[in-house]
Each structure stands twice: as C-alpha cells, then as structure tokens.
Amino acid sequence: MTDKRKIYFNGEFVDELDARVSIFDSALMFGDLVFEMTRSFKHEPFKLREHLERLYVGLKILEIDPLMTIDQMEDLTKQVVEMNLPTFKPGIDFQIMHSVSRGPLGPYHSLFPDGLKPTIYINCWPLYWHVGALSHLYDTGVNAIITSQRSVPAQYIDPKMKNRSRIYYQIANMQAHKFGDDAWALLTDDDGFITEGTGANFFIVKNGELITPEPRNILRGVTREAIINLAEKLGITCHEKNIEAYDVVASDEAFFSSTPFVMMPATKINGLTIGNGTVGNVTKLILKEFSKMVDVDIVDQAKKMRPLK
Amino acid sequence: MTDKRKIYFNGEFVDELDARVSIFDSALMFGDLVFEMTRSFKHEPFKLREHLERLYVGLKILEIDPLMTIDQMEDLTKQVVEMNLPTFKPGIDFQIMHSVSRGPLGPYHSLFPDGLKPTIYINCWPLYWHVGALSHLYDTGVNAIITSQRSVPAQYIDPKMKNRSRIYYQIANMQAHKFGDDAWALLTDDDGFITEGTGANFFIVKNGELITPEPRNILRGVTREAIINLAEKLGITCHEKNIEAYDVVASDEAFFSSTPFVMMPATKINGLTIGNGTVGNVTKLILKEFSKMVDVDIVDQAKKMRPLK
Amino acid sequence: MTDKRKIYFNGEFVDELDARVSIFDSALMFGDLVFEMTRSFKHEPFKLREHLERLYVGLKILEIDPLMTIDQMEDLTKQVVEMNLPTFKPGIDFQIMHSVSRGPLGPYHSLFPDGLKPTIYINCWPLYWHVGALSHLYDTGVNAIITSQRSVPAQYIDPKMKNRSRIYYQIANMQAHKFGDDAWALLTDDDGFITEGTGANFFIVKNGELITPEPRNILRGVTREAIINLAEKLGITCHEKNIEAYDVVASDEAFFSSTPFVMMPATKINGLTIGNGTVGNVTKLILKEFSKMVDVDIVDQAKKMRPLK
Amino acid sequence: MTDKRKIYFNGEFVDELDARVSIFDSALMFGDLVFEMTRSFKHEPFKLREHLERLYVGLKILEIDPLMTIDQMEDLTKQVVEMNLPTFKPGIDFQIMHSVSRGPLGPYHSLFPDGLKPTIYINCWPLYWHVGALSHLYDTGVNAIITSQRSVPAQYIDPKMKNRSRIYYQIANMQAHKFGDDAWALLTDDDGFITEGTGANFFIVKNGELITPEPRNILRGVTREAIINLAEKLGITCHEKNIEAYDVVASDEAFFSSTPFVMMPATKINGLTIGNGTVGNVTKLILKEFSKMVDVDIVDQAKKMRPLK
Amino acid sequence: MTDKRKIYFNGEFVDELDARVSIFDSALMFGDLVFEMTRSFKHEPFKLREHLERLYVGLKILEIDPLMTIDQMEDLTKQVVEMNLPTFKPGIDFQIMHSVSRGPLGPYHSLFPDGLKPTIYINCWPLYWHVGALSHLYDTGVNAIITSQRSVPAQYIDPKMKNRSRIYYQIANMQAHKFGDDAWALLTDDDGFITEGTGANFFIVKNGELITPEPRNILRGVTREAIINLAEKLGITCHEKNIEAYDVVASDEAFFSSTPFVMMPATKINGLTIGNGTVGNVTKLILKEFSKMVDVDIVDQAKKMRPLK
Amino acid sequence: MTDKRKIYFNGEFVDELDARVSIFDSALMFGDLVFEMTRSFKHEPFKLREHLERLYVGLKILEIDPLMTIDQMEDLTKQVVEMNLPTFKPGIDFQIMHSVSRGPLGPYHSLFPDGLKPTIYINCWPLYWHVGALSHLYDTGVNAIITSQRSVPAQYIDPKMKNRSRIYYQIANMQAHKFGDDAWALLTDDDGFITEGTGANFFIVKNGELITPEPRNILRGVTREAIINLAEKLGITCHEKNIEAYDVVASDEAFFSSTPFVMMPATKINGLTIGNGTVGNVTKLILKEFSKMVDVDIVDQAKKMRPLK
C-alpha cells in the first residue's frame, strides 16, 4: 500500500518518494528545519494542537514565517490524514511529521524564479516502521547506555526547539549500538545530569515516585507531559529535577517516553540491572492506564506490527 | 546558462533543480551530512585534494562508507567540473560543493527497495552567487558583530568535521544582520575566545604579525592554512592562539578568510573602528600576494561579478 | 527646588553637589561600595528595614564596620527624609539611596589626619528623575534584549550583595540601547539562564502562573519579594526557577520589577512579541493590586511626572 | 609638603583633598571608570605612552569620549608632573594616576546645568606611599596566598581593560591578609590557572626560564612587558603559558611585578617554601638589570623611603 | 580494653592492628574502596540497613561482587558487634565501619595463589575516638571555612558513592585547620554552591526553615535524611536547594550533620558570625528531639567521653 | 623466586605479603598516598632522581614530612634494589615503587602508642608482571577508547601529584575493557581535550611531528619527558598542546608512554583505524632509539617475558 500514501509538499500533494528537498535549501545547508512528530490513537491524531504550538514557537525563534496560521496548519494536517487514511490498516496507528524550513537560500535565488519561500511538508506513515521492530523490548526493557557523546547544551542549540541540527544524536546512537541491539543512548549534560534519549525523554521510579530531568536540555515531549499528568491522576507524584547516573543505578525502575512508542522500559543502565532487572510495576501501571486513556492497548498493538513488517 | 549546469547525484547527472534529497534521508532527519566547498582559480579547483581529505576524515568519524575511494571522488569531481565548464564565463571562477550523507534511514527501508546507500552529490556554481554581492566590501571592510549566539563547543559537535548541523550559524547571522548589511557574525566560545565567522575564519594583525584563533572550535579552513603558509613566505609571523574581543579592539587590522572570497577585511568590531577604520596594509599585502599566487586578481574578479548578477 | 535638598555625608548634611567622594576612597579604587535604593509611597519609605538589613549583610561580608547600628541607620534615614520632605511635591514620591564604602585606603592615610573611616552617605531625590522618562512604557512595554554581555556569576562577585563593581551593567545597557529607546538589557548566565535586568528583576507569566529566576545570580529585590507575596495573596502561584530565552519566547506575559518603577511590562524579547505583544492581564492585575496595597496609583503617578520634568 | 600637590580635575588644578567625585557619577554608580598608574624613574614618567594607549583602548570599549586626543592627554600629564615636581624629594620617585569615567549619569542631568561630560583627573603622589611599607619584603619575599576568591573571567569583566569594578580584589586582599602581613593574594581562574595578584602580575622561574600566565584573565602590565623584554635581552627565555599552583610549588623562584615596586620576590606559596625559600638568583639578576636600565637602584630607593614616611 | 576488639577481615576475626591491607590491593593502588560508617545508640546500630543499601549501590557501580548478599552482610555485622560489645563501656556508643575493595590487582596474582577476591572488613570502635575531642564544640559551635579546595564534581568522582579517593578532603582539612582548632572545612562546587563538609552534611536555618544543599555533589548522609524526616515531624520545612556563602552569612543558624556526632552547630562562616553567633534555637530543638528519638542524650554522652580519652 | 623479594616497610625489610597497611592509615581513609614507579634498564634504575623529586613535590603539597631527605630516600632505594637483585632474572628488568602516606590518623592514635608517623614503603617486582601480558601489543597496537569517564580536572585533584585517589582510573578501565582485550582507556577533560591514559601519557604523530597534551590534567611522566628529549635529538619536533578526538582520528600514528612498557602503539581510536592501522614509522623509530639509549631492546625483552609468566 506504500505507493498510495501522499505527502503535502509546498502546496501540492505528492508521492512519498517525490517529497524531496532541494540541495539549495536552508534545511540542507544549515540543518535549519523545525519539525513535529505526532501519532494517532485509533486513527485520531493525539494532541495535535500541542505539537503545532511547539512548532510555531520554533518558527518564531527562527524568524520563519510559514505563511499560514496555526489553524490553517491544523486544517491542512487533517486533510493530509484523511487523504491517507485508506492506506492504514485498521488497528494499526500512524505517525504524522510536520517539517518547516526557511527554504532555498538567498545566494541561489536566481534558481527559484518564483521567489524564496519556506519549505513545508506534512506526511504520515504507518507506526510499525518505527515501533514494529521494538515491540519485544516492551517485555525485556532496553539497556540505557550513557554515551561519551553528550547533549548540546541549550545555550548553544536549544533542544526545546525541535530542530534537525542534531548529528550528535546520530553519533550517540552509533556509540550505544556498539553495546548490542537492545542498547539505547542516554545523553547527559556537562554536569553529568541525565538529559534525554535521542528522541525520547527519560524517567526513573524511586520509592513509588516518578522523577524526570528538568525541562532544560531536552525536548519537552508531549508524551512526557501526558505521562506526568496521568501519573498525577493516579496519585503518583512526579518530580522534575536533575538526576545523574547514580540515581538511575539506585532507582527501582526506569523508562523512556516518546510519541511513537509512548513508553519503553529501561531495565539496565550501562549494563547494570535497574531494580531487579525486570519491567517495574509503576511502569506497567502507567502504561496500562495510558492505554486505557487512549483506548488502545499500546503494547498489544505494537506486537501486532511485527508480522506486518 | 543556469539550466545547463549538471549535478552529480547518486550516480547520475541531473539538472540543478532536480538535485533533491529525500525527506527520509539522514541529512534531513539529523543534519547528518558532511560537505566541502572548493573554489577554482582560472577554472582550476584550488587545493581540491586537501578538501577531499578533510571530507574523508568526517566520513570516518561518522562511520559512513561513501563506497568510493578518495581517488575516485577526485576523478568524479573533475568529471563534474569538465561537464559544467562550458557554462562558466571566462574570467569568472566557480565553486564546487561535495556532500555526503548516511542516506535514507533504516525505519524507512521499505521505501527504498534497492537498499540504503549514502547520498552523495557534487555540484558547482558560478562564484558570483556568493561573492558578487560582497565585492564592494573589499574596499570598506565589514563590521564584525560578536553575537550572543556562541559557537557550539567541539566536544558537543565538532566544527572541524564540516557538517550541516549548524542552525546556530543561521541564528548568529540573523542576530548580526540586525546591525546592518555590512555586519558579519563573529562567534565566540564560552570563555569569550573568538572562534570563527559563520563559514569563515578570522585573523587579526597586531604589530605586523598575524594572529588567528587556535584550531579548536573552528573549521580548519583550507584558505586559512593557505594564508598562514603565504604569510610565512612573506616573512609575516602567524600565531595560532586564543584571542578575545579585547584583542580585536586593540588590533591594527582584521579580516575574515573563506574559500569563496578568500579574504574580507573587517574594519569594525561591534561598530568600533579597528585600527584607523580602513583596510590595513598587511591585509592588502597578503591579498595581493594571494592573487599573485593563484594568478587571479581576486578583488578585481569579484568586482566584475556585480553586473553579471 | 533642587538646591534645597540635603545629603547626609559622613556626619554632616551637605548640598547635593557637595556630596562628593575623595578619589582616594576605596569606592573609587575598587568599586568597594555597597548601597540600597528605597522608594516612598505617599512619602513614606517602603520596606526601609528590609533594605537596611540587606545593606548590613553586605557590610558584614566586606568586613566594613559602619560605626552605627542598623537602628541608628534607620533613625538617620528618617532624619534625612524629614529634612528633605519640604522639597518634594505632594503626590510625587521619592527615592532614598544609602551608600557605604570602606573609606580612604591605607596608603593615603597621611592625607586624612583624622583617621580612616568608612564613607557613608544617605540621600534622596524625586522619583521623576528615574521614572518620569519611562512612564509611557507602562502602556507599550519594553523590548527585552538578551545581550552578549552576561551576568558576572555570583562566585566571582555576588550580585546579592548590592555593590558598585558593576561596569558590566553599563556595558549591557550600551549593547541594548543600540536596539532602540524601548530596549532594556536582559542578562543571562553562562548556561543561558535568565538572571536579571541591569537593576531590575524579571518575571514571566505562563498559564496564569508567575515564574522568576532562582535567587542566585541576581540581586534579590525587595520589590521582587513584595510581588511574590502579593501574587500569593491573589492566588497566583510564583515559581522561582531557571528560565531561558526559550521560556520567555513561549511565555504569555513578562515584566521587569524594581524599586523605582515597581513593575514594567516587557512585550518583546529580542524584538519578538511575547504573547500577543500587549501588556498582559496578569501583569495588569498585579500592578493594580500593588497600587492598592500602597494606596498609590503607580502608573498614574508616573505619568504625572512627565510634565514636571 | 603634602598640601602643595595639585591634581588636574576636569579642567582645573585642585588641591588633593578637593579632588572628589560626585556621588551621581557613573564611576560611583557602576564602577564605570578606567585608569592608569605610571611611575617615574629619576622623576621621568616611565613608558607613559604605553599606559595612555591602554587607557584609550579601555575608553573605546566603554564608548567614552574623553574629549581630548591621546597627545593632549600626554601633554596634560606632563603639565601635572611639572607642577608637582617641586613637592617631590630628590631621589624619591612618584606615581601618576589617570582616571576617566563617563561622568554624571543621565537621570541626574538637571543637577549639572553645564551638561554631562566625562570625569577626568590626573594626579601624582610620592612613591613611598605604596612602596615604603613594602621595602623590607624585597629581602624576605612575600607569601603568595591562593585565595578562595577567584579572578572574574575576562568574558564577564575584562581585566585587560584597567577598570575599577574590582571589589573582588579587595575581598581577595582581605582573605590573604588573614595569613599575616607578608601574605599577598594570588588569584586563579576557574580552571585553577594562576592569573595575577591584586594589582600585580606574577612570574615563576623554572630551570632558568621565566614563565608568566597567558595574557588573558590579567591586566597586561606595562612592567610585565618590560620584564619580558629585558629577560630576552639577558638571554632568559620567557614563556607566556598557563601555570597552576602545582607549578609554583615546583618552581625554583617566583615574583610579582607591578608599576610601583617593579618586582617583588615571592618566597612562599600558601606558606610552603618556593625553591629554597630565599630570593632567587634570576629574580635578583632581573631586578638588578632593571635598575640599571632605568638608572635607579629600585630596592635601594625603596628602602630609603621607610624613614620618610 | 583496646586489645580486645576484633575485626572481621576477609573471613577471619583479627586483632585491630592486624587488620591491614596488602599494598597490592586495588584499595591502595586506586583508592578503589567503598565503605560505610554506622553508629549505635544504646549499643544498637542505627539505620544499619540504610547504610548497607548505600554500600551495595556503590559496589554495583564499581562492579565489585562482595560474594555475600546484603542480608549476609547484615548478619555478619551483628556478629561483629556482638563479639565486641563487652569492650564497650555502658553509656558510650560505638561506630561500625564496613569496607570493601576489589582486592589485589591482576598483575600481582601470582602472589595470591588462592585467587583474587574482594577485600572486606568490618570493624567497630568506641565513639569517643571521633566525638570525644569535639564535645565542647556543641556549646560554642564551629567556624565553617570555605576552602579554596573545592568539591570534586560528581561527574568525575561521585561522592554519593562513599569511596576513599578523597585526598581532597584531607587537603581541605589542612586548609581549614590553619584558621584554628574550631575551624571546619566547608566545600563548594565550581558554581560556589555549598556542598558538604569533609565527611559531614550542612544545613542552614532561615526564618525558621531548614535548607540543605541539593543531594548532588555530596554524600547523601543517613543522618541528613534522619534530620530532614525529624524536622518534618516537628513541623519544620526543609528545602533541598542550592545555597551559597551569601546564604550562610545571611542565615540565622547553621550546623553540620554526620553519623558520629549527629549535629554540630556552626556559629561562624569564614570567621563571620552566623545569626547572633551562638547556637540557634532550631538547631537546639532538633538536636534535643533527635536525642529523644534515639533515647540518648547525644551532647551529654559526648561530654562524658572527654575524661575517658 | 617470589618469596625471596623483600620490601622496605617503615624501617624494616619484610616479605612481600607482609607489606600491609593498617586500615587506620590515611592512605586507606582518604587515598592520601603519593607514590612513584621507576623501572630499571639492565638492572639499573632509570631516572630514579627525577622520580624522587616528583615524589617530594607531592609530599610538600600534602605537608607530609617523610622524615628522611631525598638523598636518604635514594640511598634506601638502592639498598632495596641491591637486596632484591638476586631474585631478578638476568635480562629481565624490574619496577620499583615508592609509597608515602600521612600514616595512621589522629583519632586512632591510642592504637599506635609509638606515635603517628608517615607510612613509607619501597618495593620492587619483576617487570613481566605488568609488561609480559602486553608484549604482543607492541606489534598490533591497542585500541584507544575515549571513555565517558573523564579526567578529574587538576583544580580538584591534581594528577601532577602522583596520588592514589584515582578510582576514576579504575572506572575508566572498566569502561574500556568492555570493548575488548586490546582496548585501553583514553581520558579527556571537560573540553574534550585528550589528557592521558590510566597510568600512561599519550602522543600522536602528524606530518612527522609529535604532539602530546599540555602538561596540565596529566601526570607529567618521566618517560614522556624522555621521549620528548629523545625526539628532539632525532630532529623530530614535539608540540605540547591541546588535542581532541578529531586530531587523533586525523593523525598518522599514535602511542601511549609509561614507565613500565615505555611506548605502546595505538593503532585505533574508538575502533577507527589511526593512519593505515599499523604501527607507524615514527613510533618505531623512537622506540628503537629509546632502546639504543638504554641499551636494552625493549620490545624484545618484553616478548621474552611471556613464557616466564
């Protein structure tokens, strides 16, 4: 069904492989691109507005005018989803990606006789691309590896602005993967404070309470926020504060959070078991309640994706 | 003549506007792209091998195998140049850009049935795109603005590896441009040491000697190296050492260096005159001798570019 | 009426222009001077005791013995106020400044045959000197500019000790003023955390809650404290925590606070609108309630100062 | 003879005790004052021009226009010296201090009907004020104490710009003096690198070579420069590089340098003997040769000052 | 009675002076040793389990397998206590020390034909060794000295893992002791935040509330935790947050906490009085309540130790 | 022959296994121990005096009086060597270790009725303990791994003072060993500058010149110094300057240096080949010339050690 998906690309709807960015675009010249990743539950985009609001903060900082209001962007997104809905299997959710760059750069303007405008694309793809391969890890948990590659501190490049100048994520991934297939990079800042995974937030559980890093050198994940709110409703306190490798070793449970997979248990840190080395009860509870909230059995759906791939 | 230029793109030669990168490419997902910019003198690429060697160090660090040797890359470059030579005006030189990314990412592999390979493109364009608009500044000099945006320290993202995760260059440019058209961003590190411009190195002249920042939080420019070597031949000592805003204010002359424009005088720092506020003698001398070395009057050629545009 | 104001200066009451500090004083040799700025409401000094307590902490740290108790200093202040009251217009408040330095330095002792004592002066002036020129900004708000000049971290010179070694305030002011008359400097620390203005604290409003930087690299303003307490009474939570430029851009409202003008809306950050770019409702509410608390319409009085000048 | 010295103060020549700065001056409000300290040898100012050039760099950075050229300042200085020469004893040299502030601040302009101009004063005093009390230390050396108060790094307040926002010098002095009368503060930066004394540079001698800190977080002393040049002539290599407490402990000799006393041996570091605990041979040699160069026996003159006082 | 105490040492019970570690042990080669210090109240170990849990976190991080479970370690401890109980005077408590190193290092294995195993010892000694000499300080308080030696930040060597690579404690002690017998070292981190004493935590009291540094660059003391919990029961809020020297100077009371002496008032900071310079009421209250909680008059017992010594 | 070696231990000569340090010693309580490691060539200690001088600098800093002069220490060393010479095989060299701690701590003084004295031991062992297992690596080179454990910066614990508070070496070793038997830890500082191995210095070769890190956050190895001097004699320039991972990747050759093995090629960095991945020519040359200088074929001797073990 792949060839049927359509991508909004600068005012048109194109085939997936035709969604390509000019090499003269600021996105490729400077990593000057902000984006969002939203997922659906039961084929409904989850917290789409929150994602778009974060996108528009990024655009404001970068002084990029997307030439459409946030409402227009939301409408357009719904149009993209609707157009692609027939390509998605029932019971399998999808991801939506919004991307906006400054567009082709000034020195190359003669190549673009219609003028220089921001590059905007919105596309969606089946969730099993990202989640399918991970589904067994819901049971075993991953091995969080603190890499020698550290987070870029926010005063240099602010990760709160979800941007694509993040080659260091890729380097951290390479470093972590040397420790095995279940190894995920866990970044720290210069002080040794845990920041985030490469595209995921991080939580520990200690004495029945959640702790997640201060929202500074991290992307402030929409799922992270949803988990904090959900925990509160469940009577589980969540602290946003600095934690270090020591705290993870001494914790009872730990997990990553991210839009596509929602929550992923971490049962090891640098190869050392966290708690008793199995997926913890608080982790399980929150994931179960999250599933209830969105009326989708998140793990179950993920496991169904494997044969699909 | 624009429509005649051809770009090497993943094994093919395509039209300029058809050189486009898939939105599923690591280049767009992570700014995971290394590149080089070479210029010609008299239509001969200048220090092409040095540029390619730096490219290959970057690829080694990123563990990207370009599937061709450096010799093959060099041959291919010559082929690209030859193919495009007819499009270049006599007396006007050109730039060559090499770009290599890891290619489309794993989760999207089903979209690429032929397998995931690095994305490689080599293209060239007339020098007046970048240099034409600047040519009058050879006479007046630019106003170097120390921006509140600082360099990303090398331990986070190494600028010595010429990569495209550099949205902070664009932010610095935006900050500098608020000070006028002749304002160029000058970055510093966390200690207030001058690092580089956004795509250029920086030198000051003090008591007849050159000083340029330590080759740490900078791209180690090929032109920078050429200037140091040339100065040596001219009996001008060049120190590589930490300098601060104070040193620039107290200097006699200053200039940026970069492949396209070679050298660009800076006659102000944060709006304060450097020396007597005109282009300095040492700067002029080196630029004149550089022109001799490459047998091209660099400034003169630049000025000829203006009407072309 | 200017020539009627009297200044307490080292045991005497002198005319304003005769209040001058010897060039051999530690104040001029080392910026070795602590001070306080108090304002009146309805001609009554506001929180005078709190100001004096802060002054005495500074004196303790600097090991300067002012040769009078805090009670004596308070009495003396009242005497200064009383003496000058006739010079102040009804309905226009005034400021009181306390200053204490170590006095003339040891090597110059032969010039001071009566011995070396601390230099102490207490003076007051009409509020319109500082506030008159700003009064229109209560309506439009100011443009907060994050300068490349950063705060001096507290481990080097502690801003909590209100001292006069702060040439960096003046440099930040110079940098900000290049962005226009409504541009106010906003300092950050080395991590990019907002600290303070140059003589003012800073607050943002987000989702109906106040956030103000941790009381570390800042002067802990008496007005800042008063606003936090007032907000609490109004049911508005105030968090003291690290905030960055990103948070200001993403905030709904922002304002500076300081003794003379109490609160000043910031409707822009680096030229980008904050919220919808007008003075926010929470800001207005707190300022209105502050006015009630002190029984002075702060903005109204400020506006009345303009013609006076 | 004291009452005969005259000070140039804002266009007039006044008595020493009448040289006083308005409390509304930027110097007292912000420590916004740059200055120079020059000494004479045989009643001739030593390297006056170098001092004035440094002063003018500071003024440029602070954007203060002194309303006179450097040549005019030099002439004026000579006039001040000449006027005061009769007050100086033969064989006892003197110091000259130049001070320039931005002048009274804008908000107080109504107090200064003639307009706001920079505050400028030039004065001189007999050398024994500063040097007399130290003269016995030429024989014993001082005890350099690394204080917990550190240097303010240059990116916050640049010590290369000789300014008066330096309350931290005074705090360091207080900390050092707790270790005895012969204890002098020795500052370090954040990395533990030695920077300077509080108004003096620092050198160590190791294996017959001089080492002095990189000219970054220090005032670049004119005497420091003179010593480096003199050493070179004597065939003694001098390295400008980072040194730490360890290097001082492991050194053979050490000394401070400054305009008034020229060189002062340090025979202890934190109470530990340096070398064999006596004034070293290289130190003695350089001091002797410096004396020759200026045709004044520096130590001898200093010792003669004691009874004068 | 000294010669009767027995020490568990690698499976045996030995005399105190025979408890010695091979010079080939990792403990002596790398400071590669974790330990715990527990005290008794009424001859019952206080919070032994908490101490052992912290020990086992350290062992996990160091990848040292102690070859016994935490339960076995607890049993063994009780055995050691029981064996030594006859040596302790009634009414005088004791300390227990647990120590575990990696054991002799690989290169020296031929010296240890029985194989390389961790080195483990458990010993106890009368409390008056450590506390006796301090007992008079409960009345006067100590003088907390901020040393130029700073804490090693946790990202280099984590103090939360109670280890023996802490020569910097000894250096800080040496620096503090130069200020007198009642001077105790108080460490700070690189930002000037108070961390801990050398083997003790630190609290201040301000406006009736307790404040103690964030549990980052400190050992997270078991007694610290007990005090926080006790304060809570007494209705005294305790904040864990960054404090600086300024906060201590401006505080009402201060004290150190540690296992052996429980609480020790600090009535001075760098020689400056804290509050009114006497032991504060909140300090007294908590210490009294702690005594009640453990049914031992802590100060009284300490004072009884003096003649014993 | 093992049982015949004797160790000088606090005034006595004892068997190897009897050289044990009391658990009450400052060495075990604080890692408060300085040491030296010297090796022999042809059974003659190499640069013994240099090692002892470094030892005595450390003792001075720690204010430990070893109660013997450096000459006495040297004589004693010779005595120890002589006594043990019969145990060493001809053609196989040995190592000498000097260790000095502050001795048992004050609180435990009653256990040491003879008083508290420094603990001093001098011992020697056959070189094959440390070098035998490594000898094959002279041919293949090691894989230098930049660990996430970084160097402790010198301002916290100075590595130039060769001390035993270095659990972080052991942690770095553990991290490196996960990458294989040929993986050696390579530490960096906070800026990402290479510092040293865990007990070894590091050099790279680039364009025929040697570069080794600035002697700051490293132990300044005696062998390092010897190599620099030797290179100079061979006409090979050696720069002491900051290098980063990038420089190692881009270098032609690299090697570690240390007393026991002298030089050890590093042919990989983080698994990436350095140069062409084999032992480089400059490395070979220097090692060969070093062998000549000491008249011992270093590699050959090392290889002979393998069967011995």
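By letter and in written order, the chains are A, B, C, D, E and F; residue numbering begins at 1 in each of them.
In this text, a contact is a pair of C-beta atoms (placed from the backbone, for glycine too) under 8 Å apart; a residue touches a chain by one contact, two chains touch by 3 or more.
Because the structure is predicted, anything quoted here is derived from the model rather than measured.
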Chain of greatest Cα-centre distance to chain C: F
Chain pair showing more contacts of the two, D-E and B-F: B-F
Most widely separated chain from chain E, with each centre as the mean of CA atoms: B
Where chain A and chain F are represented by their mean Cα positions, the distance between them in whole Å: 47
Rounded Å distance, chain A centre to chain E centre (Cα mean): 44
For chain E, residues contacting two or more additional chains: 63, 153, 155, 188, 190
Which chain pairs touch, all of them: A-B, A-C, A-E, A-F, B-C, B-D, B-F, C-D, C-E, D-E, D-F, E-F
Chain E residues touching chain D - in the complex, by the definition given at the top: 146-148, 178-179, 188, 190, 271
List of chain D residues in touch with chain B within their complex: 57, 60-61, 63, 153-155, 158, 160-161, 214, 216
Touching residues (chain side chain E, partner chain C) in the complex: 188, 190-192, 242, 244-246, 249-250, 272
Contacting residues of chain E [partner chain F, same complex]: 2, 7, 16-17, 19-23, 26-33, 62-63, 99, 102, 107-108, 110-111, 121, 123, 125, 129-130, 133, 150-153, 155-157, 163-171, 174, 309
